[in-house]
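What follows is a pair of complexes built around chain A, which joins chain B in one and chain C in the other.
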Partner chain A sequence: MAPEATTAVAVPRPPLVGRLRSLLTLGIVAAVVVVSFRQTDFDLLALFTGAADFWKFFGRLVPPLSEVGTDWGKYLPQLAKPLIETLQIAYVGTFFGTLLAMPLIFLASATTALDPVSMWVARVLLTILRSIPDLLWAAILVPILVVGPLPGAVALSLFSIGVLAKLGSETVEAIDPGPVEALRAAGAGRLATIIYAVVPQVAATMVSYILYVFEINVRASVIIGYVGAGGIGFTLQNRLNFFDYTGVGLIIVVIFAVVLVIDGLSVWARSRLI
Partner chain B sequence: MSRAATAYQVPPTPPHVRRGRVLAISLAVLSVVLLVVVLATMDLPTWQRVKAGLDRTMPPLWRGFTNPDPEVFPLAFRSMLQTLFMAVLGTLLGGLLAFGLSFLAARNLLGGTLQAGPGKALLVAIRTFPEILLAIIFVAAAGPGPTAGIMAMGIHSIGFLGKIFSDVIEGIDQGPMEAIRASGGNGLHVFLYAVVPQVLPEFASNVLYRFEINLRAATILGLVGAGGIGGPLIQRLQFRRWDEISMFLIVIVGFIVVVDFLSSTIRRRLV
Partner chain C sequence: MSHIEFREVEVTYKTGLRALKGVNLTIPRGQFLVVVGLSGAGKSTLIRTVNNLVVPSKGSVHVGGVDVTAARGRQLRQARSDIGMIFQTFNLVKRSSVLRNVLSGRLGDVPGWRGVLGAFPREDVAYAHECLARVGIPEKAFVRADALSGGQQQRVGIARALAQKPSVMLADEPVASLDPPTSHAVMSDLKRIAREDGITTIVNLHFIDMAREYADRIIGMRDGLVVFDGTPEEATDKAFEEIYGRPIDREKDLRGA
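Entry: the complex of A and B
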């Protein structure tokens, strides 16, 4: 009785090829991780040995509890101007990013492209725009355009074009081809086809994407001041240079609150759209 | 003749379409009005100042961008490779921490929406906190270097990965879990043989996707002193060495395009 039961529940082993492939994958990942540790001098132990210093630093970001009200209350109004500038940069960046992305969406989408050459030129351009992160665009543009909100707004526009046109052209490629074919068969031109067959199908999704890009831009605009492109990031860098840690602490709290509120509003609006 | 003209008459626009059009047009008008107000109140430089700046910077910039300096290629390549390794470790750190946290944010494992609430709220908070701000804090607290950048990426990645992971866990099929429990398996067996095989492909695919995002993020961490290619790049930006900057940009874009391609190819095979 007993030996029979044990043989009955013997677990079948997975096939050899599958096991070898998992082992190989695991080996490659492990090798990459080991090389990464060596090449970056990443000190995992420092997380624990340096933890005390770390908490001390966090302690300095907050004024003593009895003075939080007076210290932060006094400084908060000074942050209004850079904060408004931050949101202005995000808005201008999103507006012009959206405007310039519109023609590129249709050029880069296989459904509406003029010809293969211009389609690929548009796609390569979009890839370059997206591969350079927004903060890097800002850092490149600050020496070209005058220090301040202008390079920030231009940087966010460029990055937004890349993101929005990529998302948009993919949406256009996924639409129902029926209306497009119907209009073409009835002799409609390219522009009429786009306006009456493509736009109604993608409009809601596009508005949702624009809001999403605005979220990205708010996140970026709070920080681009760090490289001289205007907004509250500039104030943050200034306070850090003066070792005004309670000021830094307040700015961190304000940035977090602004991003949280904008994100929340945008997510709510997007959930109502689709 | 006149019969043909009436036959082609366009039917009247349905009311819901007209409402949509009115809404779209009023939104567009509103956003343009807001733009005018914003531009009028923004602290923008005068056109003369912008033009003077452009006249000064454009000729050397054009020269530099049309002649990328091949001599900085090895440096740019090495820095980008370090950036890549930072992204690997940041993603690994984030993945491991998110793996643990995701079980605390999964409704089906905790027994209800209420129990998973704190975990979900924590993930939203982490996701919202800008990554580069974390990097600035870590640099100020622990000094400049890749460790600060890796920690910033690792912590920020928890927000995204933890959310995806807990969504995946919430969507698993209960059948295999019940089957293993019914045949006498304990909690560990259920986890190893019913949960892990179901979630592993999705987890791996999203970790790879996060790795793509982190590689982009890692290129700018150096701008705030948190290691990687951004460090040498920001120095060159300060000295306006456009020939070297253009070579750095070529290396960055090249790396990102190649890694994106490889990663998305693997992801397609995973899921």
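Entry: the complex of A and C
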């Protein structure tokens, strides 16, 4: 190795502005964390001092070992109906969310939009749909549509539309525009161009997103049940009100198991798609 | 008889770039016209004004007596369905079958609902197979487009354009992504079909030797203007050096075979 090379070449340092900027970013993140800790009275110590209470409560969720068979065994079949209802709410919500998201995907995407005005309207609508959490939708809809699975399914549909149409329109904007140009050049109509040149390019990704939204909706339908939108969340709230802690314990175990299975299936199905 | 006519065509893009600065051209029916020039000379823009993918800022283009520049909506779609186009990057839908790609060339002619439902008339499906046979790959109909080689994909591109039963064919650098032997095979296919069907063809090419070999007439473009218009015999090395504004580069400007 030539010795003069090592003396001649100085290692270039990154520009000062870049280094200052990273330092500033780090400082801001740290400051926000500290302020948030203080505002929320986040106390690491409480996690340890409260541990005893936590274990006491946790203990009450599980019946004595000798009674697990009789207590949980007897209650388990009763959970089948609300559990299936929860899955149905998620399924119906995802189904109608997908159906209604379809036209919005193409209206909100710059690649396929009719004109700038309708594109803007579609995008604003989607932003509104997404900015309202599904729990809030459920809380609004339960008094309107009476307690039960219907407001739950509608709440999840609305939220699913927002998420799917947003992800979908971004996927459409990222496609290879070549086939679209080719079909325009061939004199194909707008709808035919979408079906022949756009849909085949986004179909696999969209199915993957739909499965993902279904996963989210299964979890969300448990939670929105809590505000009266049916399903096992509703049963959970009911058991808590009656101080039936072993019942609550079983519901938690069952929800955990079902969510785990659905997530696993969905991840498996999505991995096979792309 | 004139088939395509450019009248004082100017194109200025939103970026302010003046791609065409007043082009006048008359192309007789059935002519195989090759347009040469460096990249950025305006070849792609010129070809795209014929089917109105690029709208001229001034002037107009007429195809078979129809003012394509002024056409809108249904009238424009009708004009376009009579003009086939093939592309440098083929522009096939890669995840669809070859047959579906070829059939999509019929979308400008069949009623909208048939296209949307994929319910093409039996004779259209038969014709799509016939187009594939004419470009030499009848056995690839049910293969996914992305499973084909580059040369085969460009043949599907030609078949899709043929399925339109066009009177005009536009080809934007059709062989720039292909190797030399495949380039020649694709160009001879294009020329043969244009002859057989009497299709007026405009091809953008960069390679001097290919332009001379296949063209009935050569147009040279530089900086948005037509600077050469003549027969292949008249397109000497000296003429090309004037079009390109630099000496011929054997590596870059010749394709060989």
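List of remarks:
The definition used in the following text is that the second predicted complex is superposed on the first by the 246 of 274 C-alpha atoms of A that agree within 3 Å, B and C clash if a C-alpha of one lies under 4 Å from a C-alpha of the other, contacts with A are read in each partner's own complex, and residues count from 1 in each chain.
Just so we're on the same page, contacts are C-beta pairs under 8 Å (C-beta built on N, C-alpha and C of every residue); 3 or more make two chains touch, one makes a residue touch a chain.
Small disclaimer: the values here were computed from a predicted structure and weren't measured.
In the superposed model, A:V35 makes contact with chain B only, not with chain C.
In the superposition on chain A, A:A197 makes contact with chain C only, not with chain B. After overlaying the two complexes on the shared chain, residue contacts for A:L240 are found with chain B alone; chain C is out of touch. In the superposition on chain A, A:E85 contacts chain B only, with no contact to chain C.
In the superposition on chain A, A:G27 makes contact with neither chain B nor chain C.
With both structures placed on the common chain, the touch criterion links A:L183 to chain C but leaves chain B unconnected. Residue by residue along chain A, chain B and chain C are tallied for touches, and B comes out ahead.
On chain A, the patch touched by chain B and the patch touched by chain C overlap at residues 200, 203. Interface of chain A with chain B (complex): residues 32-33, 35-37, 39-43, 46-47, 50, 53-54, 57-58, 85, 88, 91-92, 95, 127-128, 131-133, 135-136, 139-140, 142-146, 148-150, 153, 200, 203, 219, 222-223, 226-227, 230, 236, 240, 248, 252, 255-256, 259-260, 263. Chain B contributes residues 17, 20, 24, 31, 34-35, 38-39, 41-45, 49-50, 53-54, 57-58, 61, 81-82, 85-86, 88-89, 92, 125, 128-130, 132-133, 136-137, 140-142, 145-147, 150-151, 216-217, 219-220, 223-224, 227, 230, 233-234, 237, 240, 245, 249, 252-253, 256-257 to its touches with chain A in the complex. Of all residues in chain C, those touching chain A in their complex are 51, 53, 76-85, 87, 89-96, 100, 104-105, 107-109, 112, 115-116, 157, 160-161, 164, 170.
Remark: chain A residues 176, 178-179, 181-189, 191-193, 195-197, 200-201, 203-204 touch chain C in the complex.
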